[in-house]
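Below, each structure is written out as structure tokens.
Paired with chain B in one complex and with chain C in the other, chain A is shared by the two complexes that follow.
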Partner chain A sequence: MPEPLLSIEQLTVTFRTEHGPVQVVDIEQLTVGRNEVVGLVGESGCGKSSVALSILGLHPAHAARVGGRVVLEGRNLVGLSERELQKIRGSKVAMIFQDPATAFNPVFTVGEQLMRVIRTHKGGTQRQARARALELLELVGMPDPAGVSCRYPHQLSGGQRQRIMIAVALSCGPDLLIADEPTTALDVTIEAQILDLLKQLQRQFGMGVLLITHDLGVVARTCDRVAVMYAGRVVEEAPVADLFRRPAHPYSRGLLGSLPRRGQELRPIGGTVPDLRHLPPGCRFAPRCPLAVPTCTTHDPKLIDFGSGRSAACPVVHAEEVGVRD
Partner chain B sequence: MKRLLKNPLSLAGLVIVVILLLAALLAPVLAPFPDHALGGVNPVARFHPPDGTYWMGTDDLGRDIFSRVLYGARISVWTGVLAIGLALVLGVPLGAVAGTFGGAVDELIMRITDIFLSFPPLLLAIAIGAMLGPSLSNTMIAIALAWWPWYTRLIRGEATSVRERPFVEAARAAGVRPLVIVFRHILPNTIAPVIVQASMDFGSVVLTLASLSFLGLGAQVPTPEWGLMINTGRTYFVNAPWYVTYPGLAIFLTVLGFNLLGDGLREVLDPKGVKRSA
Partner chain C sequence: MRTFLLRRLLLAVVVLFGVSVFTFLAARVVPADAAAKWVGPKATAAQIARARIYLGLNDPLPVQYLRYLSGLVRGDWGESVVTHQPVLGDIKAYLPPSLELLVLSSLLAMAVGIPLGILSARYQDRIPDQLSRLVAITGVSVPSFWLALLLQLLFFQKLKLLPVGGRLDSVFRLAHSVPVMTGSYVLDGLLAGDWALVGSALKHLILPAVTLAAYPIGLVTRMVRSSMTEVLGEDHIRAARAMGIPNRTILGRYALKPAMGPTATVLALSMAYSLSGTFLIEAVFAWPGLGRYAAGALIAADYPAIMGVTVLVAIAYVVLNLIVDLVHAWLDPRISLR
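Let's look at the complex of A and B:
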């Protein structure tokens, strides 16, 4: 297996709170290859965005402690100095944010902001940066790039802003693109356009993409591989088609089962997400799990590799069940 | 701008401020006796009451008070601009840095402002003025030193809220350096309340300058500074009431003008004030 572009190993993120430390992320292993879109799925508060921030080292040092390794092209990013991280942010790893309305500085035109990112990382003259900015706007499918670049963020629509944010992210040719809920703030038709654009650009530039979302529809449309997170842990990893066909982990099954279908009542997962301050002993999903056996509440399961790129952190499911032959 | 002009009070403020600025700018042209403001004396017309020649009367040395009040506008405007400018130059970047970075830097800067804020501004200006020696430029420095912590506090408060906005995180994720974030992203989004505050403070600074000069710490004779003129004139208050009245009126109108204008600006720049100014 070739070395992945990004490899997250034993990553932990612990927030300092008034009630003492709270561990919000605890991931054994997660990789993103070159030219691959990996979806990170989970419900609100499961630690998805925290993973994204820890890759870029954006957690404020006084509020969070990051442990483990985040290896990008063979280099561990955890513990790098702020100065070195600045060189990586935006140039090697770029990020797209959830709400394009607030992710731009309201007092500058989008063209200025795009050019500034280009000049921060690539240097060059104002003229060169301008040419590159127009090129990028064209690339993300903006009609009239020159006109658009003179607009302020509030003069653009949500879809346009998100396209420009993608242009900003791509401006320095990143190897890894982190998209944190890139379409949550957009309506459904625009969502499809933006996802198609992301996918197309990802292929064109051979980037690795980590797509963070709570929306399984987005995952199905865009991702090659998917990791399901629950309460700070990755509980299942699988190629996207396999996950939808035969989810392994009971939580993934519950997620897929709770998707709205025509003519059927919604079947939510019973119970609630555990409080991260008072995690249950053993498996974190056990209290809500329909398949739980007594050992689930005492033994904390590790990811079990089923082969064929599938793994799940559940001792109850077997390889045969998920359709992988040993 | 339209909204500013719609409100009669802000309009009045603006008119007063414009008149003051014009008076300052055009003093050499408008003043009937420019040399009276520049050290010349006119002993033949001592304590001449206001009439067609001497619109505001003359003082103990026969100088035309109208000319001196006009030149006084220059001094007040100039000192006010410089003092506030200096206070802004000191206070604004410190506040932005404190608010953006937080932690120990914030703590340090805020405790320093606390020290300055624990003295009444006028008292602090008097102390600094006394320390540096009485002169107009020292007064300016004293006023700036008394004023900058207010701007630091104001900007810091704004910055702590702006730094949580997603575009700041987006900038960090794009690899923008921290100081660039402070000056490009935080500052431009925090400056509106400072503009209001500075325009309101202008009146107070003019008043403080006059007070310090009145106390003998600011401008020195024969400078036609309003506070100094009142100080000299108060001895002759009974026989020549115009001597203190007109410089006093000038101070009063200046402070009033800037306060009205500042109020108007606040309503225009504050999105929540939209309805009130309509």
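Let's look at the complex of A and C:
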């Protein structure tokens, strides 16, 4: 197996709170290959965005402690100095955010902000940066790039802003793009356009993409592989088609069961997400799990590799059930 | 933009009209007899009565007010009842030194307060922040006359670096012909290319300007800190960091620009206040400014002079507020001037 572009190993993120430390992320293993789109799905508050922020070291140092390894092309990013991280952010790893309305600085034109990123990483003259900025705006499908570049964020629509955000992210040709709920704040019709644009540019540039979302529809449309997160942990990893056909982990099954489908009743998952401050012993999903057995509440399940790129952190599920034959 | 300026100009007229009504009424309500002041302490009753007629004090109030108002508009702000000099002429003489002091101290306040505020926001709750808080709180809470005396002791008495007061060295003034144009010696010196004059005037300005700047330095520091702290918590700052924008650019541009609006507001208010509220500083430094003029007028119950200063300060507030609004619109494109 070729070395992945990004490899997350034993990653933990612990927030300091008034009630003492709270661990919000505890991931054994997650990889993103070159030219691969990996979806990270889960409910709000399961730690998805925290994973994204910890890859780039964006958690404020006084509020969170990050442990484990985030290896990008053989180099561990955890514990790098702010200076070294600055060189990686925006150039090797870029990120787009959920709400393009708040992700741009309101008092500078989008052109200025785009050019500043270009000049930060690539140097060059104002003129060169401007030419590159116009190119990028054209690339993400903005009509009248010169006109758009002189606009302030509030003078653009949500879809336009997200396109420009993508242009900013791609400006320095990153190897890895982290997209944190890139379409959640957008209309459904715009969502489809933005996802198609992302997919098209991903192929064109051969980037690895980590797409963070709570929306399984987005995953189905865009991703090659998917990791399902629950209460700070990855509970299942699978190629997208396999996950939708035969989900392994009971939580994944619950998620898919709660999707609306024609002719089928919605089956919500009973119970609520556990409080991260008071996690249940053993499997974190056990209290809500229809398949739970007594050992589930005493033993912490590890990810079990079923082969064919499938794995799940559930001792109750067997390889045959998910249709993997060795 | 044009409609905005027109609207604001109209509004300014309304505000100044209101101010004129209030100052006029206040002057009539105070128990000092203007006619008695006018003729002096040894005047006879007949002389006072004649002065009443001369000053029009026997006319009905509305008539008196209209006379006052038309005088204001025409540039006749009345005569001082004490010195019998035209008030506007006095103000013209006292205003330039005040403005000189005000502008320099405001520049100082920005030059010191903004970097201190940035430092504070950058190192929140750490040692640089604590130190800058100490400077800021000292600045706003130290009595200005005491700070003035302290500075005189240090820089004049001990170090012999700076003059103790006045606007120019008396020897220099005798030996040197001072060109009179704007009334600000620094500006006049610059215009005439007279560097000796500029140098002497600046030397005399330093201590009073520093004293006057102490309060706005504290104000600006705290305001920059709090606005920047707020901006630094916004999503776009995290996004900028995620793009690899260096910290100094984030602090000095991305967070500073949105934070400057509130800072401009407090600075302008403090400037307008300082225009006439600097009596103590002017007294300690023998500075012939508007504060001393106003204080002298108050003590002598010289009501035309008091009214003149009040109207002037009102104009200053109106003008500075207009400038602040323009600065806001310039800083933040989301604010539209309508």
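We take it that the second predicted complex is superposed on the first by the 322 of 326 C-alpha atoms of A that agree within 3 Å, B and C clash if a C-alpha of one lies under 4 Å from a C-alpha of the other, contacts with A are read in each partner's own complex, and residues count from 1 in each chain.
Everything that follows uses one rule, which is that a residue touches a chain if its C-beta (ideal position, glycine included) is under 8 Å from a C-beta of that chain, and two chains touch if they have at least 3 such contacts.
Small disclaimer: the values here were computed from a predicted structure and weren't measured.
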**OP:** Determine, for the superposed arrangement built on chain A, whether chain B and chain C clash or fit.
**Re:** clash
Original post:
Does the superposition put A:Met229 against chain B (first), chain C (second), both, or neither?
Top reply: neither
Original post:
Is A:Ile88 touching the first partner chain B, the second partner chain C, both, or neither of them?
Top reply: both
Original post:
Is A:Leu58 touching the first partner chain B, the second partner chain C, both, or neither of them?
Top reply: both
Subject >> Partner chain in contact with A:Phe104 - chain B first, chain C second, else both or neither >> reply: both
**OP:** Look at A:Tyr152 in the shared chain and tell me whether it touches chain B only, chain C only, both, or neither; answer first, second, both or neither.
**Re:** second
Original post:
What is the contact status of A:Thr120 with respect to chain B (first) and chain C (second): first, second, both, or neither?
Top reply: both
Original post:
Looking at the overlay, does A:Ala167 come into contact with chain B only (first), chain C only (second), both, or neither?
Top reply: neither
Original post:
Which positions of chain A sit in both the chain B and the chain C interface?
Top reply: 56, 58, 82, 86-91, 94-95, 97, 99, 102-108, 116-117, 120-121, 168
Subject >> For the chain C and chain A complex, residues of the former touching the latter >> reply: 234-236, 238-247, 249, 253-254, 257-258, 331-334
Original post:
For chain A, which residues count as touching chain B in their complex?
Top reply: 56, 58, 62, 82, 85-91, 94-95, 97-99, 102-108, 116-117, 120-121, 165, 168
Subject >> Of chain A, residues touching chain C in the complex >> reply: 56, 58, 82, 86-91, 94-95, 97, 99, 102-108, 113, 116-117, 120-121, 152, 154, 168-169
**OP:** Going by the contact rule at the top, pick out the chain B residues touching chain A in the complex.
**Re:** 102-103, 165-167, 169-178, 180, 184-185, 188-189
